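Right after this note come the structures.
In the two assemblies presented below, chain A is common to both, partnered first by chain B and then by chain C.
Coming up: the complex of A and B.
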């Protein structure tokens, strides 16, 4: 009976087997490689943090959110405005995180009443609304001209390392949050909501509070990431901060790794960034078509992602069959 | 005896249609009460009004002396007012154990997921699903799903359990087992209200019957006198059934469907 339990339960703790070595390897990149590779590693950490965040609402809770860029952009603008107002950089990142979380709580209260496609469209509309707001509110955001931030002192190599480790820390915190969530009461409640929202309500899950909590958790680190990348790039503008492409890429990464798995989104982000850098960057004209191909490939061949339950079940069934033949 | 659940003049309108109209009744602790009536009479709507799925258009619902008219379903289950659905509502991709543990953790107030799983095992044993604990809920047969639904509700440690057609779709052997199970649940001190179309089940289990027709409560009382009530015969049971009922000593009819055989 014990073995039959483990066949359908999600693999628990297995993610750490590859996540810890991967994290250590990433942490060593800026020490042993030049600034270009440090920059790529920073992107991996950034997208891993974003994909892990998306996974809370899109994977655990089953609400297909396209709000990622709204949170990233808000974090970027909040961080930039506060930093330009004289707040120390790291403090501005923390404040931007708090602002984003608050925004997500209010927004979630409103749009989490929608489900499925309606929620997806509602959440993508938020990104566009935020972009328009940032473009038009010139007195605060600089409008279409964007905002400049102070360039981090100490030269590009040093700055590259600082921002890499900042993103690295955000990724680790997001991963720890995912591991905690998976084992927590809230996480269990979110899985109930994902499976059957009415039944969740009926067994005593406070569905609205759970969904809003999930939305806030999915926004938190997007805000931090946005603020850090604003300081890193030292210039933000509405179309960069509230990027529709980013809002699409992040869910694809999470799905590639395995939506609803605890650490799969990290793997998805890694693979995606590598593919983007090695393949897409060589065919710039076709890069977005390739994104489309990846999505189609995912739907047809990897609906559960690289770490999805289906893949694991299939592989373990195959191993079990081989063992049976040998015995 | 003070009422555990008191429904006081509750109505619910959908547009101009009164799905439930000025219904009042009480459940006293330890009772098994049957709620019967033709299709579309408003039975499920009434359960939805009592458990917070729907808000009454008028009237009040009292549970353990507190006004719970405005409660949400999750609050109802945490208070000890649990229900099952006519169409079973499992968490399909979770295991049977996890399904029941969800009830224990959220509705039943278990302190941790480990404790919730212990409680869940206890109730899986009770409904006879222990061997299937590790299976996914969607892999179960209908009778097993109904048992799962029961175990899930029981794990919430309810004081009142509202069973919405738990026997629909079961064959007569399975129904016998289900009746036995409901008896055992009642023996644990849970007050039960069941919506049921099978007169065999109603008569063998219920202390009292409520009859709903066009949203109105047309009769209530002990099963025998309710079954003899001309209004109930006209609205639901039919004259053929009443004729059988009058020859109380006659041999029971063969079918299990209402109007069906008499108990004992």
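Coming up: the complex of A and C.
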């Protein structure tokens, strides 16, 4: 097994060619531009982290998960409750991450035995159940009225920058995790599961442990992101935290960038936020219909995502040929 | 308390509607292997059509059954034939995301055109009293129509040429194609029947409950739960699952409140998915 991993070589590192300049450019946004642009850059980082996370289960492993919002919402509530109980903000974020990871491990053990359509439906039902739970468990979550969090001191400009860099760090960590996963034994196992789960099991991949690890990795940064955005917005409510729109948007971003590619989801998140800001903000009443149209366009005209089709695919195929590596 | 006949009657009236909601969804899932995320919104669409026809044109809502159902049938046929057929053999993620996206478009347009204000048809048909049990006539009619339509679908699947073709495709797509069954048309027909059933449910829903776009996700959730309880792709399964869910919700709703009832439905579904993914009635075909 060990030797088979090391004998398969795929072209490495083309993703970094554009990812590093993009990350540097993003990091400079709040320095050179006003708070509005800092806010948009924060959204890019947030969705990039979420899409990278989804990619672990949906792209690498090939499980159609729609439970992103469950993890984001759980992280948001865990962070908010802990912060309101007096825990320092950053510590609350870390604790929320741990809570979400633990939840994902338990949940993964339960629902990852389902496949295909059943898994998809199960994962949507988790989001719905969590939202119902959050709105009926009033003593802990404030019910339908939601929870208020302390507003970050130092004025909106300062706070905007603090939260931007927090999200930026999460995105970088999620990207490093993806790069590591791609080269690791676990990532190899996940790609085997994606292609043929039974065959992967036969050749000695520990399928269940791999899938649960992937699920936990896909939830980890959702929890952090949720907790950070709860502190950022300083108010959470069940329909915002466990948003069905979010649970659809994130996979769409990953698909837009190229599901299963290492850094494609970052590109997907960037393009999506740009489209959202330029198109959807002008037609606020039609934002959901726009999302729908993007999906239809994506599925019919760009089935492999930005990195999977057209220019990018041809370029990476050429690089692969130049290096004398089989695709 | 278990035997309170009023709760039982409410549960059965609700359950018949749930069965009708789920049966079209289950058919599409079973035959096409597509999860139709639009199902809830299709129901709401026909509910609104019924409401506005009643409000402005004074059309009897029951008559709208004969108008709305063919309209949704045509809509479903066109949608499947023109769009979904092109990706029908791709992985779950693709087909589910596509119908999810189409649902977003439909949902958004309905919100703009009809607004989300709950609309309610008031027919005032009186009610039937049996002992202590009060049965509102509109709900009673809706229940019998829902059951009737479900049984009608069962008969169509069993006895009509199109129904047999659908069952054949469900059993073995490739063998059916070799026998000369036009797969694309059968797929479109199946999706259209699913939409027709959603349309019929929308009419019945508009007669008994307020219609608002906000509940389209809730209705879709019911279809999920009923399909998982009863088993996929079978009319008897949807009937058993629907009645079971109606009774469960009626009892838990009375005891612990409506939110707990919905939550319990989902929890039950997840537990069943883990332990018995073929549903209570097993993997019966459409026969």
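As a convention for this text, the second predicted complex is superposed on the first by the 297 of 327 C-alpha atoms of A that agree within 3 Å, B and C clash if a C-alpha of one lies under 4 Å from a C-alpha of the other, contacts with A are read in each partner's own complex, and residues count from 1 in each chain.
Rule of thumb we're sticking to: contacts are C-beta pairs under 8 Å (C-beta built on N, C-alpha and C of every residue); 3 or more make two chains touch, one makes a residue touch a chain.
None of the values given here were measured: they were computed from a predicted structure.
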{"item": "Chain B versus chain C as contact partner of A:280, first or second or both or neither", "value": "neither"}
{"item": "First, second, both or neither for A:195, with chain B first and chain C second", "value": "first"}
{"item": "Which superposed partner A:114 touches (first chain B, second chain C, both, neither)", "value": "second"}
{"item": "Which of chain B and chain C A:295 touches, first, second, both or neither", "value": "second"}
{"item": "Touching partner for A:204 - first (chain B), second (chain C), both, neither", "value": "first"}
{"item": "Touching partner for A:185 - first (chain B), second (chain C), both, neither", "value": "first"}
{"item": "Which of chain B and chain C A:58 touches, first, second, both or neither", "value": "second"}
{"item": "Sites on chain A touched by chain B in the complex", "value": "1-2, 4-9, 183, 185, 188-189, 191-192, 195-196, 198-207"}
{"item": "Complex contact set, residues of chain A against chain C", "value": "58, 62, 64, 66, 110-111, 113-114, 116-118, 120-122, 124-126, 128-129, 132-133, 135-136, 244, 248, 251-252, 255, 259, 285-289, 291-296, 299-300, 303"}
{"item": "In the complex, chain C residues that touch chain A", "value": "29, 33, 35, 83, 86-87, 90-94, 96-98, 100-109, 111-112, 217, 221, 224, 228, 257, 259-260, 262-263, 266-267, 269-270, 273-274, 277"}
{"item": "For the chain B and chain A complex, residues of the former touching the latter", "value": "51, 72-74, 77-78, 82-83, 85, 89-95, 97-98, 101-103, 105-108, 112-113, 131, 133-136, 152, 156"}
